[in-house]
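So, here's a batch of structures to check.
Same chain, two partners: chain A is paired with chain B first, then with chain C.
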Partner chain A sequence: MSPGAVRGARARATGVAALPRPGGRHLLGRVLPLVLPLLFVALVWEACSRWAQTEEMPGLAEIGAAFVAILGSPRDLAGVSASLWRMAAGFALGLAIAVPVGLAMGRSPALARALNPITTMVYPVPKAALMPIIMLWFGIGDLSKVLVIFLGVSLPLLYHSYQGARSVDEKLVWSARAMGMRAAPRLVRIVLPGALPEVLLGCRVGIAMALITMVSSEMIARQDGAGELLFNALDMAVYPEVYAMILLIALIGLGLDFGFERLRRWLVRWSDTLQANDA
Partner chain B sequence: MAENLIEIEGLRKQFDAPGGQSHIALEGIDLAVREGEFVSILGPSGCGKSTLLYMVGGFIAPSAGRIRVAGTAVDRPGPDRGPVFQEFALFPWKTVLQNVMYGLRVQNVPKAMARARAMALLDMVNLGPYADFFPKQLSGGMRQRVAIARTLAYEPRILLMDEPFGALDAHTRTNLQNELLGIWERDRKTVLFVTHGVDEAVFLSDRIVVMSASPGRVDEIVVVDLPRPRVRAELLVDRRYQDLVLHLEARLEVMQPSRTGAFS
Partner chain C sequence: MNRVRSSTAWYWLGSIWPVLLVLALWQGVTAGGLIGPQLLPSPLAIAERLVERLQQPEFLFQIGQTLIRLGLGFAIALVAGMLLGAAMALGGERWLGPLVRLLAPVPKIALYPGLVLLFGYGHASKVALVVADVVFPIIYATYHGMRSVQPKLVWSAQAAGAGAGATILGVLLPSATPSLLTGCRIGLVIACINVFLAEMISSTDGLGHLLIVAARSYQVVDMFVPLVLISLIGLCLASALQWLRNRLPAAAA
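This part shows the complex of A and B:
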């Protein structure tokens, strides 16, 4: 192989990163399209607030002050971090259970036939609506909330893992079998990486679901946490704090999604379908 | 005379469709392959030649009949039979080097040893400088070289090649045929090579199993009595090579469904 060809292939290898991003390479060009729509919403909000002159619609300054107050309150921050801890626990439980079950369903038509009716039935049920029942069984503590979050994230994780495992090229599995790899290691070392691009899409949906069920579970079982702060503020009609909490939850969601998207792209950097999944 | 390494007797494969209809892919296949022989399976598309190869590989089960490799009945895949697929089937999440090392690592060969052997094979197929690339960064011909190296790495007794050059352009195909022939003439592994290319089959093989379609049967077994090492430029002007190609093309021509069908 000539050195020229090697250089050509290397150029192709790095070419992916060198592709012009939408908005160009300048920081301003990349940040502006994100900030402008938000700025627009903020302006409309402020205008409405001034026009309506009601307590239920406080101005940006008031919301901002409440936001800063939350960030400065150790009790509030402890509540938010308790929420995040439960969310992480529920999500981890989903990863540990739903992903292997989904992958196994994708590889075993018999298992898929057995479990599909159950998952199809459970899918449309709002998981937070199960909270009162779960509280009867497990109390109002962390366990119930972690379980509800687990239920919330499980179905997208299960579904995408199932689809991912089904789409794994059979010849990859055959190649591994010919090398002498047995069924259990194949699931971990061939089916899981083969399904990974799809599994990670499920994770992205799962993170959003975890955030939603986290907040709603705390609305029902108010002990501590972001949802408790939000709905207590609502009950006590402290509106700036309500909107500040909503803003905080939205920013947490944005941050998690942004961080996860970075991780996802790095994990599937080998994949041909990386670009297609970017949309 | 050498012992038969692969023995196939009365092999039949039937695919059952969900509607209760069934399709007979292969019927009454008998074939024996000696150790060190290069045997091509040539036939029109739909004659079940790949199915036959997959059954020797142990990837799918026959409906009836027997396959024995080195005297033992085939019931699953094993490292004695290394497949090379048309679609390359490299592990996309592994680098080129990791792909070639993979079979050795599965068989618990120490990492340093597996690495050295994989690098030697990559050098053999002229891909040493690409060891740390991902498969998606390589061209089709390069990927197939990696796939061949990956299979050779764990030293299967038999190579099962399923139209390995079918997805490549003509120029790359010719290069890879030459490379494969070079490798084979050095270590004389037993090869079962599925193809629909007549000249490819004649150029590479000791014997060619010609198959007819629906159901797939062995139509004829042609012995390719051309001297080795073979050089393409010499073969092209060799009368025996030309006669074999013409004969096989005539056989395949007869089998083309379009010649007897409504559109002829």
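This part shows the complex of A and C:
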């Protein structure tokens, strides 16, 4: 708690020393902020594992071997890729339904007044917990699993599309209307591009939610897929495999987030408003 | 006086009518026999069952188990998140930033089997899951809140002779409060959801476990009761924090 720390905080608060972007122009500068924390977590884990000496906390070598074994097993890979396909289907369904509804809410105050209280009520419902009820309705097949993921992703997509459509420049919409453009094309050609930066932020949250809903609903239903593999390893007491599956799912999560963030920055490179929006 | 009260009641009714409409439709469809009660019980039947269950000590014990995990996990996440967020805002960004950015997007629920291995099937693994998921919104809220302090406030405090500690406690922390309350609101809902899911995945007690028990014996009303209750708990906690944030003096907001 030195005076220097407070001075540092003040310098940042003025915005002069804005948040340094992770990494510079050099490749090393880009890669180090990713690799160093990874290395740190791995070292802490290995140290704890050597110190604890229990079966429940296997070392990195064992986890690595189990990881390679999972990647080499066609059955496990098929389960994981089936999960990823369901995730993509649920997310696509969310894009097709929640984004247009959210955009329409942003342009129509009456619709927003009607739907906002409902979204507020639905927001704290644990969506993956609906899995047993949805399975009761639609059976144990893929349909139930895709529907649960759809429910998990729709609220963030809806909310961000709504906020994005509200922030669209009114003059653009008026001009389009004055030139005789109808409501539906206006939504697609004026509102959607204007709201795109915010919609894409919603997509980023939605992708994270899709993975979380997928894993948790599969752990609850225990039918097949990544979540089932994860919990099966625990039930069979194959501890290194438990951690290897966790590592695989974490890497999928990080990879999707990293990849989508690059796509997002490229898609909205024309927009100056949301470039600085990190995290 | 009376007039004012009735007008707020009308305003309230005016804003929640869509929810009432959905509930009325749901009631109509189920009471009219379009959907059988073995698939979807009516909202009145669920409410009736919830009130009945709330009078049973065994059910209250299950709620207690869930609330203990929720409260303990949230409290630990709040303290740890505020300390880490403050450390990041006060110059630790270089060291903590990359680590937080790496761990924040990891789907925490996937860690749960590992947490069960490390902490057992009891309270500790659920509390650990809540901490792992809630700590990140709190870190970000504290960090962004403290970073957005108006510099003139810091200057005035220093000109008035405040030391580093007094500046942090007297200026930076109060200014970060609105942001922190928003972080807490998000964190509490995440905590409710995580506790419930963890109890569904592997537990011998708690509200989530009750849903699984009911699902095994196809007691559909009993499946809805814990789900409705945890959602109501999340909704109440979120509304309470929103209310608290709105009551902050305008200068702080």
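The working rule: the second predicted complex is superposed on the first by the 253 of 279 C-alpha atoms of A that agree within 3 Å, B and C clash if a C-alpha of one lies under 4 Å from a C-alpha of the other, contacts with A are read in each partner's own complex, and residues count from 1 in each chain.
Note that contacts are C-beta pairs under 8 Å (C-beta built on N, C-alpha and C of every residue); 3 or more make two chains touch, one makes a residue touch a chain.
Treat the numbers as computed from the prediction; the structure is a model and nothing was measured.
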Who contacts more of chain A, chain B or chain C? C
Which partner chains sit in contact with A:110 here, chain B, chain C, both or neither? Use first/second/both/neither. neither
Identify the partner contact of A:271: answer first if only chain B is touched, second if only chain C is, both if each is, neither if none is. first
Looking at A:177 after the superposition, I want to know if it touches chain B, chain C, both of them or none. Which is it: first, second, both, neither? first
Quick one: classify A:190 as touching chain B (first), chain C (second), both or neither. first
First, second, both or neither for A:125, with chain B first and chain C second: second
By the touch definition above, which chain A residues appear in both interfaces, chain B in one complex and chain C in the other? 1, 3, 6, 9, 12-13
In the complex of these two chains, what residues of chain B are touching chain A? 57-59, 76-79, 81-83, 85, 87, 89, 91-94, 102-103, 106-107, 126-130, 133-138, 150-151, 154, 156
Please give the residue numbers of chain C that touch chain A in the complex, ascending. 15-19, 22, 39-40, 89-91, 93, 97-99, 101-114, 116-118, 140, 146-151, 154-155, 158, 163-165, 167-168, 172, 189, 192-193, 196-197, 200-202, 208, 211-212, 215, 218, 220, 223-224, 227, 230-231, 233-235, 238
Sites on chain A touched by chain B in the complex: 1, 3, 6, 9, 12-13, 169, 171-172, 174-181, 190, 193-194, 196, 269-272
Contact set on chain A toward chain C in their complex: 1-6, 8-10, 12-14, 19-20, 22, 33-34, 36-38, 40-41, 56-57, 113-115, 117-118, 120-121, 123-126, 128-130, 132-133, 136-137, 208, 211-212, 215-216, 219-220, 230-231, 233-234, 239, 242-243, 245-246, 249-250, 253-254, 257, 279
